[in-house]
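Pasting the structures here.
The following pair of complexes shares a single chain, subunit A, combined with subunit B in the former and subunit C in the latter.
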Partner chain A sequence: MNKGKLKVYLPSITASIVLLIVGQVLSKGFASANNIGSILTVASVLAIASIAQTLVILTGNEGIDLSVGAVMSMGALFGPLLAGGASSHLPIAFLMLAVIGGLIGLINGIGVQFVKIPPLVMTLIMVSVVNGFSLAYTKGQPAIQMPPVLLEVGAKIFGPIRWLLIIAVIILIIMEVILRKSRYGRSLYLVGNNRRAAEIGGIGVNKIVILSYVLAGIIGIWSGCILVGYAGSAQLEMAKDYTLLSIAAVVIGGTKLTGGEGTLLGGVLGAIVLTILTSVLVAVGMPDGVRELIQGLTLLVILMVYSRAPKLRQ
Partner chain B sequence: MSLEIKQLAKRYGSVVAIRQASLKVNDGEVMAILGGNGSGKSTLAKIIGGAVNPSEGIITYGTEKLQVKSPKDAKRKGIVITSQELSLFDNLSVKTNLLMCEIPRKFGLFVDKNTLEKRAEGIMGKMGISHLLDKPTKELAPNEQYMVEFAKALIQEPKVLIIDEITSALYREDVEMVKNLVAELKRKGCMILFISHRMSEIFSMCDSVTVMKNGETIGTFGINEKSENELLSLMTGKDLTRVEESEVVSHGREDKAEMMLSIKNLKLQSFSKSIDLEVRKGEIIGVAGLQGHGQSDLVRTLFGLQQHIKINLDGKQIDITNPYQSVQAGLAFISGDREREGVYGTRSISENLRSVKELVTKQGDVPEEELLKDYGVVFNSVNQPINTLSGGNQQKVVIGRWMATEPKVVLADDPTKGIDVQARRDVHRILHKLAEKGSAVIMVSSDDEELVELTKRVKLAKIIVMYEGQISAILKGSDITTENIISASMPIGV
Partner chain C sequence: MRRLKNIVNRSLKWPAFPSLILLILFFIINVILSPGFAAPNALAGFLAYNVPLVCVAIGVAVVLLTGGIDISLGAQVSLVNVVFVTLIGLKWSFMGALLGAVGSALVFGAINGFIVGFLRVTPLLTTFATSSIIAGLALWIMPTPGGMAPENFITWYSDFIFGIPVPVIFVVISFLLWVIIKYTPLGIWILATGKHDMKAYVSAIPVSWVKFFVYVFASLLSAIGGIALTGSVGSGDPLVGLPIALNAIAACVIGGLSLNGGYGDVWGSIFGGLFLGLVITTVLGANIPSFYQDFVSGIIILFGVLGASMLRKINLPELNSRKPQIETGRKPRGMEVEKIEQR
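Let's turn to the complex of A and B:
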């Protein structure tokens, strides 16, 4: 990696440090190892969601996945359900989740690539399909038994480090390697950068784009299942906030909303920044409404700063 | 009146776009500005047109010192730029686009639409494109859009007109029109700066030529003072006069060579008649013709961009429905529209170069440094984004991407559009080399001279001229001349 690429991470790293200092000033113990450990744990779920989001945004052509939150909520409900509350059934539950998440992604991808529905609309429709399915299946009253092992994701391994963080790091490393080294990953950047050129260059554009939606579906639904393990109990639509947050995290991390440019690590750092921000607001005892207002305004400012078009005049 | 530029310089941070430029144009003078890509021509044009502020230097217009604050300000002073960067609104009609130039005004306040409309109709009529007036701009062919862009400049009745490379997107009959209009402006006393890579246009339209190299004006010469090769030497700094003359014209017999690609009864979309085409191994075929007669459709169809076709390639019958299949079969496609169809702009040179061989045809590693050096691409690191290179070098990287796969047939659709003469020669050399190894090349060009130049130094070559989706003539050997191409492009009695 050269210096120019590292520069992309500078804003999120700086923001993290500044926020930590602000937090420490406002509330003692904020920057303690223990608190940082729990901040990172909370950030892990958003980090995984932002990895899914990055894959779709990288495809370009206004690619965006608004169904991430709904798919995660579904994973939170159906993960424990499929395992039937038994830890031994978890692997098979994860496999079945992958099939469901992959299928959702496949439908998104086909809708976008072949039916030519704008990604924004396609994935928004998917939100109500997925939520409707969950609601219909559970009749609005999810009675869910948690597999004990799943509840362990929030347990400490050593010091302030918890399993959830390790899982996020492993997913990050695997996906980052896939993006940089595999034919799929390298083609994805080219497809997002100039789709017409990629087509002419013989790259199977449809395959690449659809695969991105499928992977996003799988990673999304898994992260929902991990989230419920950390939260301890499942609710309908419990992860709906993650859609917008994941987009914000990806943008903060330097990924271009126009596609073809950005890294997974960037999105993960963005997730950390957003989580620290929330923690600071909680730590100073900000009322819920004000907190949400500040978060919303912050996202607005961030999106305006990062997405502005390059100046016309040189 | 005259426009004089003295010691002009423009720097972007540490990057120098113009080191030192001086020139002087008089009323009724048509001056060409000639230079390689990146020599500073377009920057100079933008400075005069007010789109860019100079870092240093003085521009005087008549007796007063000229300070142009913005393109709008420039227009008020009668300076109009028409350039390769279109300024048209896609979703509006041509007429609305033309009426948007804001002049003339009634009482200095309101736009006088009637006068303007009449003027627009008059000019479009003169250019023979009045039928385009009510069409939405996005439905126009690229060359038609450039004609409208040019019309837009004329409507403003410029005193100083800067034509920045619009002719490279135009076909021959359009260029004739531009020539006539320029001559008319000249008679009216307008001064014209003409930027083009086409020598024949410069020699037939201009009174003088200013040569630029590496951001500096080398000098201004009367049009008859220097030969084409002398000008090229000045702008490249290399002595090109001898190379040209040592070339031998000797065409071999084509029936000895094996067949590479053949197709029968190919019906191009939007044309009623069909064509047969045979291409031999090692053969270079230039495709000529008037705009819109199917040249571009031919190469695009062969690459699988337009319809499902069956071709015979290297002894095998194959089906082609999309570029993925054609690339796997050993075809390559170089588009002249490199921004849209060629480069991955913000990705690295390396990624751009490796994109086909490693990701699609899966033939393994690309010797990138070696290839780039061979093509004369100037670069610091293969990791720098490709859009930091000049246009010509970008196109060479795109070509290199295909050459690395050793394609059987290269299809090229005006691949040297808008790149400088030196880069164009490099491109020809690359294609010649490939043909020597036994591959075939089918290249479309809107510049007949280029096709003559491309095919005359090759053992096995011909030019096919297209008319209404058919091949109206096949020129070989000494028949390959621009005159023959022109007469075959407009067959009489068809």
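Let's turn to the complex of A and C:
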């Protein structure tokens, strides 16, 4: 890892450490191994969502996926339902989820690439379609039976480390390898950086962008299914907050919203910062409204420091 | 005959045209499904419910014209609603509460405008962050729904003046505000900024101030929408405006406004907003089981946007050829400016 990359991670690492110290000062035991373990567990779901978000943002040209939260909620509802409460059916359920999530991503990608609907709008409309479909299919009644294996994601393996964290790390490693080693990964950065050049260079831009949306859909729907295992019960639209949180995490992690620049690890670190921040605010006992206010303020400050466009004069 | 052809051609080129067709189509469907819909009272009820969205959509449209975006307007509607009801609850006078509520929105409009215009942060993320701040503030002021708007205000809102439903007056005021701006130099500046901010800058247009202004303007319109919403709902709710934020943007896109800026007609946002309202009324009127309603309305909106985008693509090939300029980013634009200066 070279020095330039480390510089990108520095703000989020510093912020995490500062927040941990602040938390420890404000409430004893905040920085204990046990609490850090549970913070990381909670951060894992957001981290996976931010991986999906990073893939789409990297495509550039205002690429953004506002349907992540809705797709996750769908995964949370459909996962247990498709498995029928039996652990042995989980692999098939995950496969079917991948098909559904991939299909949603495919529609997003086609709308963005071929019909030329701006990603923001396309994925936004997808939110109401996906939520509407979830409601229509479940009739508002989430599955009551949970596959026991799915509930195990929140169980401790050794010390404060839980399965959920391991899953997140595995997904991160797999996706990181894909981005660095595969043809798709390297093309993705090129497409995000300069779409015209990529086109002229003979890269199938449409294919790369659509594949990003499809992958984001699959990862998103799986993370929803994992989330329901940790939460224990599913609700309609339970993951809708993750849409904007995942964007925030990606930005904090140093990924450029214009695309083509950024790493998955950055988004994961951003997810950890956001989760620690929330935990600090909960530990201090802030009311809901104030918590949201401070989260917004933090993001605003980070944006003002790191995400400013050059002056028009230059 | 030739004249007719001319009119047809011109209206086909009108950015808001597809949304007008959609709106008329859905109005007819609605009247067929429930014949009572065209009655003045039913129409007034429909408008009372949908006017807040239309007001906010006009505000979003003006921001979109400069190439920006504002997703905090929904939260601002909630804030206006909550502040207004709370101040009334504190025995403020009607005017005082009104000014306090509108002022609270304008403060955040100014913050948005300052950060986007002068600090040059991406509008999407800026307004996302302020949206979270505003929503948090609304939730802090009023943690649970409650309170009451003044009763005579609620009855006035659902009344008629000279045969015109009162909610329509809110839209007319909002639209007139835009028309006034449109015919001042500011109107041209807004379009120029949206078309190409660098070229606007070298033409001595105060781009930063234009951007600052549109966010404040959008806040003013969302405040008008928030007051209308209070008249329609009658009480305070810290979450009441949240769906409006994104629906207003969808309304603008259906109305033919480009998210890249500089293209579109504010009429489109009005048509788009009313269309979204009509879709929900249609779905309700078609006796679709309640669980399927959200899905069906989602699908209809999806096809509405798909249709509007495709129509625009057919009508305006020049819009597509404009794309590469945006994709190439800042550097080539800088070179372009240098060329102009050399001349």
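Throughout what follows, the second predicted complex is superposed on the first by the 307 of 314 C-alpha atoms of A that agree within 3 Å, B and C clash if a C-alpha of one lies under 4 Å from a C-alpha of the other, contacts with A are read in each partner's own complex, and residues count from 1 in each chain.
The definition used in the following text is that a contact is a pair of C-beta atoms (placed from the backbone, for glycine too) under 8 Å apart; a residue touches a chain by one contact, two chains touch by 3 or more.
Please read all numbers here as calculations on a predicted model, not as lab measurements.
After overlaying the two complexes on the shared chain, residue contacts for A:Leu299 are found with subunit C alone; subunit B is out of touch. Between subunit B and subunit C, C contacts the larger number of subunit A residues. Within the superposed three-chain model, A:Glu261 lies in touch with subunit B and out of touch with subunit C [touch as defined at top]. Residue contacts after overlaying the shared chain place A:Arg196 against subunit B and subunit C alike.
In the overlay built on the shared chain, the residue A:Leu135 is in contact with subunit C alone; subunit B does not reach it.
Applying the stated contact rule after C-alpha superposition, one finds that A:Ala33 touches neither subunit B nor subunit C. When the two complexes are overlaid on their common chain A, residue A:Ile125 makes contact with subunit C while staying clear of subunit B.
Shared interface residues of subunit A (contacting subunit B in one complex, subunit C in the other): 194, 196, 313-314.
Those residues of subunit C whose C-beta lies close enough to touch subunit A in the complex are 69, 115, 119-122, 124-126, 128-141, 143, 197-198, 201, 207, 238, 246, 249-250, 253, 259-260, 291-299, 301-302, 305-306, 309-310, 313, 320, 324, 327-330, 334. Taken together, the subunit B residues at the contact with subunit A in this complex read 12, 46, 51-52, 303, 305, 322-324, 326-328, 333, 335, 340-347, 351, 355-356, 358-362, 383, 401. Within the complex formed with subunit B, the subunit A residues making contact are 2, 183, 186-187, 189-190, 193-194, 196-204, 260-261, 313-314. Subunit A contributes residues 61-62, 64, 66, 111, 115-118, 120-122, 124-133, 135-136, 139-140, 194-196, 244, 247-248, 251, 257-258, 287-297, 299-300, 303-304, 307-314 to its touches with subunit C in the complex.
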